[in-house]
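What follows is a pair of complexes built around chain A, which joins chain B in one and chain C in the other.
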Partner chain A sequence: MAEKLKVATCSLAGCFGCHMSLLDIDERLLELLEVVQFDRSPINDLKHISQPVDLGLIEGGVCNAENVHTLREFRSMCKILVAVGECGITGGIPSMRNSFTLKECLDESYIRGMGVEFAHIPDDPEIPLLLNRVRPLHHIVKIDHFLPGCPPSADAIWYFLTELLAGRDPSLPRELIRYD
Partner chain B sequence: MSPSARLQLETASHPEALKRIVIEPLTRVEGHGKVTLLMDEDDHVRQARLHIVEFRGFEKFIQGRPYWEVPVLVQRLCGICPVSHHLAAAKAVDMLVGARQLTPTADKLRRLLHYGQILQSHALHFFHLSSPDLLFGFDADVATRNIIGVIAAHPDLAVQGVKLRKYGQEVIRVLSGKRIHGVFAIPGGVNKAFSREDREYLAKDIDQVVAWSRGAVEIARSLYVGKLETSESFGAFRSNFLSLTTPKGDFELYDGALRARDDKGQTIFDQVDCAHYLRYLHEEVKSWSYMKFPFIVSLGNDEGWYRVGPLARINNAERMPTPLAEEARKVFMAMGKGEPVHATLAYHWARMIELLYAAEAIQGLLSDADIFGTDLMVKGEPALEGIGVIEAPRGTLFHHYKVDETGAIVKANLIVSTTNNNTAMNTAVREVAAQYLDGKKLTEGLLNHIEVAIRAYDPCLSCATHALGKMPLQVELIDADGQVVDRLVKGADGELSGEAV
Partner chain C sequence: MSQTFFLDGQEIPFEEGQTVLQAAMAAGRYIPHLCYRPQLEPHSSCRICTVIISGKPFSSCTQPAMKEQQVECDTAELNALRRAVIQMMFVEGNHYCPSCEESGSCRLQASAYYLGMQDSHFPHQFPLRQRDSSHPDVNMDRDRCIRCETCVRASRDLDGKNVFGILGRGLNSKISVNSPSGLLEGSDVAATDMAVALCPTGCLTVKGVGFKVPIGLRIFDQAPIDVVELLEFTKQEAVHG
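Entry: the complex of A and B
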């Protein structure tokens, strides 16, 4: 049997909807596992990419220092890096906070929030630094493919993966490109 | 360890003198989390915390948007239970447009959507994320301790899980147009009538889905009673419970009033109108987490924390409204011998009873003539404030919005299910740290015990980051000078590596 395609996935500032859409391939998951081997992914307990992999799928944009670090690690370990979904491609809904300052956002939740007691902004060193703006992935590293949608449908993800595995250009046909 | 000792584990008196261990990122949970442990020279645990380390700022950036956008925007908080946010927001928006009572058709179709969501989320949680721990053992080989391992070792069970989730997702797709982030609820009702073809499509598999769900309850029950001692003691503690119930006190997921009971099952409050939730529940901010810590106002922040979700709902309910789930509930409650069931691992069993309830409730609705109605919308006298509360898969979910005269949002408050369980999850982490890690040389398998406890609560750390935070998990050792001397990281091969700092 040919070597399996090594795939790593992660979620940065995303909602996990793109990962759920991958699981929406349903029983085709069994077919996929015949040809793909998962490295780091939130669905297993591998916390870091162990070795260079063929394909990295990233959901979500970049909202804190931790995200930047993880994204760079993925870029250095993945031959092909894919931005999956609107959050990765444009920043998505989380980037709506870019219309406000970070301080305004924090104040609203922890100082001015309804029913809030012991009001103060969490500042423990354990909490990663937030970026002033939520950014799309390609602002930080080179991205090889973009899979649009919120989330891209399971069929779009399936098409992309199977074309890639067959050694063809995995660009989506027109009918699979849609935001909603 | 006594409860007071457990409480002390929240904050060590001299953290600077301790070694820090970090588990990060948390895996097989939905979202981003991190646990830190501080240990002394003899490897005794002195502090254990679960941090949410991501923040989104939703309550701010929603301001200025028109209210009717909210049910569409807000589901992007969470791709695992988008329907819960969609519906909680829609219920709040119903109040804004003065829709006091939806038409029977709209009410039932929204319920159908919600039960589809409960089914898919519970199936995902149990089969895809948690079953590897329960089937293979908490410290099984990291290479097989995942759904792919389950597919290899128990293909029938794994495929059932995949198909149960698929069915729930199909209910959602048929109603809302897409499996994830579709739109169905609109202010005052729903946007589409249900067709006979849709009904035939969903009805053809529902008996099978009910049968599988019965099987799932049995699997969860036998895994629990098969190792009864561990099941009852693992990360276990007593707590208050909060959930919605019907006016009669029965199990309810979509509507109803708030009920809180103490650890013995005595009433703290009952039949509280959801619109008054702020009189009863406040949230404490702690510097080390973006996730706030809610508590019952009358009991105060130290004593007033509670648990939500499947365990709370089953404990709090007088009855399940469907026959098979009610049978299963009785078997479950017998474990508590007249008191609420408190075990952390009992969440999984309770979750599968709810899965069965959702399947039966879908079955019932599919043969209810009201679902074919075409009267989908109501309107009324507009209001400037709306509050929507629902039982999401992980527990009670609060959405609260204020608008100005133009209908633009001026203030928002969300308490998501996982936030309600914040103190509970932290307590479970401390409990497991004290029970299993204290005085030991840490291994990957031991650290996974902490995550097993967190997974029982099915935390949706995606939702929990709505405020602005994100939560990865890792463990570090800090020496007497406050220097990080050792960081324990799970390598991709599952090996622990003590990363030099």
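Entry: the complex of A and C
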């Protein structure tokens, strides 16, 4: 039997909706697992990519320093890197904070927010520093393919993966392209 | 007998005074476009309807149809150019499709689907634009404006009101409102205005009805934009000839 293709996935500034949609391919997951093996992914809770992999799927945009670090690790370890979902491709909902300054956002949440007690902006060194602006993945590293949708439907994910794994161009047919 | 020209090799009849786009649409051939609306004078600003005639690019919405013209339209190169123009519209504004109440009814989004846009390609600019929720019935979210001037033309030519104008140039241009405060409140705009109805994106919307039709059941959820636009064009022709 041919060696399985290695796949890593992660969510940066996203909501894990794209991962939920990946699980939503239902019994086709079994078919997928015949040909791929998951490396780092929230599905198996591995925290780092253990070896160079064939395919990286990233959901979410980039909102803090840790996101940048993780994205660069994925780029250096993945032969093919895919931006999955609106946040990865455009910055998405998290990037709506770009209309405000970071200070305005933090003040709204931690100082003036409704029901806030002991108002102060969290500054524990373990909390990754926020970037001034939320950015889509292609602002930081080279992205090889884009799989749009919020989230991409299970059918769009299945179509994309099967075409890509078969070595074909995984561009979606018109009826599977959605941004909402 | 009407004269004809050739669109990607297909013979298209036309009447004197028709543009390439009008004749093509009348013959059932969709040419992607955003600023052109059958109710309004052509404007030629979005450049999505660009075609090649004798090796040169022209806006088909303003280019008069001429006898035996050879027009290239549905080619890989032109569709790539149209897609790039749409991508620029996306990155120049703030188009958050997942949270937009116009998603599924938006002509910018539907055109992007039609042209197979899967990424933004260019860096997003995240511009700071002024929103206007001052009016009780009409909302204006300039984040979603593509400056096609449909509202300017519709307000002036269809509503007879002159509510909207355009200020500034290029990237810094923005829709202005004809009222003492510069806000929609105090202007002559009404929720029933064609200027609001014809806005191709979610920039001008009527308040209180945003989710009356659920996402998934909206016009471009049910049919792609080429089908919808051809149908609308035929209807408009039947009404006004």
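The rule is simple: the second predicted complex is superposed on the first by the 180 of 180 C-alpha atoms of A that agree within 3 Å, B and C clash if a C-alpha of one lies under 4 Å from a C-alpha of the other, contacts with A are read in each partner's own complex, and residues count from 1 in each chain.
Following the convention adopted for this analysis, a contact is a pair of C-beta atoms (placed from the backbone, for glycine too) under 8 Å apart; a residue touches a chain by one contact, two chains touch by 3 or more.
As the structure is a prediction and not an experimental result, all values here were calculated from the model.
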- Message: Which partner chains sit in contact with A:158 here, chain B, chain C, both or neither? Use first/second/both/neither.
- Response: neither
- Task: Please indicate which partner A:150 is in contact with in the superposed arrangement: first for chain B, second for chain C, both, or neither.
- Result: both
- Task: May I ask you to decide whether A:177 touches chain B, chain C, both, or neither, giving the answer as first, second, both or neither?
- Result: second
- Examine A:135 and indicate which partner it touches, taking first as chain B and second as chain C; both and neither are also allowed. second
- For A:18, select first, second, both or neither according to whether it touches chain B, chain C, the two together, or no partner. first
- Would you check which partner chain A:96 touches, where first means chain B only, second means chain C only, and both and neither mean what they say? both
- Task: On the superposed three-chain arrangement, identify whether chain B or chain C touches more chain A residues.
- Result: B
- Which of chain B and chain C A:108 touches, first, second, both or neither: first
- Message: If I apply the document's touch criterion, which positions on chain A are contacted by chain B in one structure and by chain C in the other?
- Response: 92-93, 96, 99, 150, 180
- Query: Hey, which residues of chain B end up touching chain A in the complex?
  - Reply: 24-25, 27-32, 34, 36, 49, 51, 53-57, 59-63, 73, 76-80, 82, 124, 128-129, 142, 145-148, 151, 159, 162-163, 165-166, 169, 178-181, 278, 281-290, 292, 301, 400, 411, 413, 448, 451, 462, 467-470, 472, 474, 489-494
- In their shared complex, at which residues does chain A touch chain C? 83, 86, 89-93, 95-96, 98-99, 133, 135-136, 138-139, 143, 146-148, 150, 171-172, 174-175, 177-180
- Query: Which bits of chain C are touching chain A when the two form their complex?
  - Reply: 90, 94-100, 103-104, 109, 112-114, 116-121, 123-124, 126, 128, 143, 215, 224
- Quick one: in the complex, what on chain A touches chain B? 11, 13-21, 23-24, 26-27, 29-30, 33, 38-40, 42-51, 63-64, 66-67, 92-94, 96-97, 99-100, 102, 104-110, 113-124, 126-128, 130, 150-151, 153-154, 180
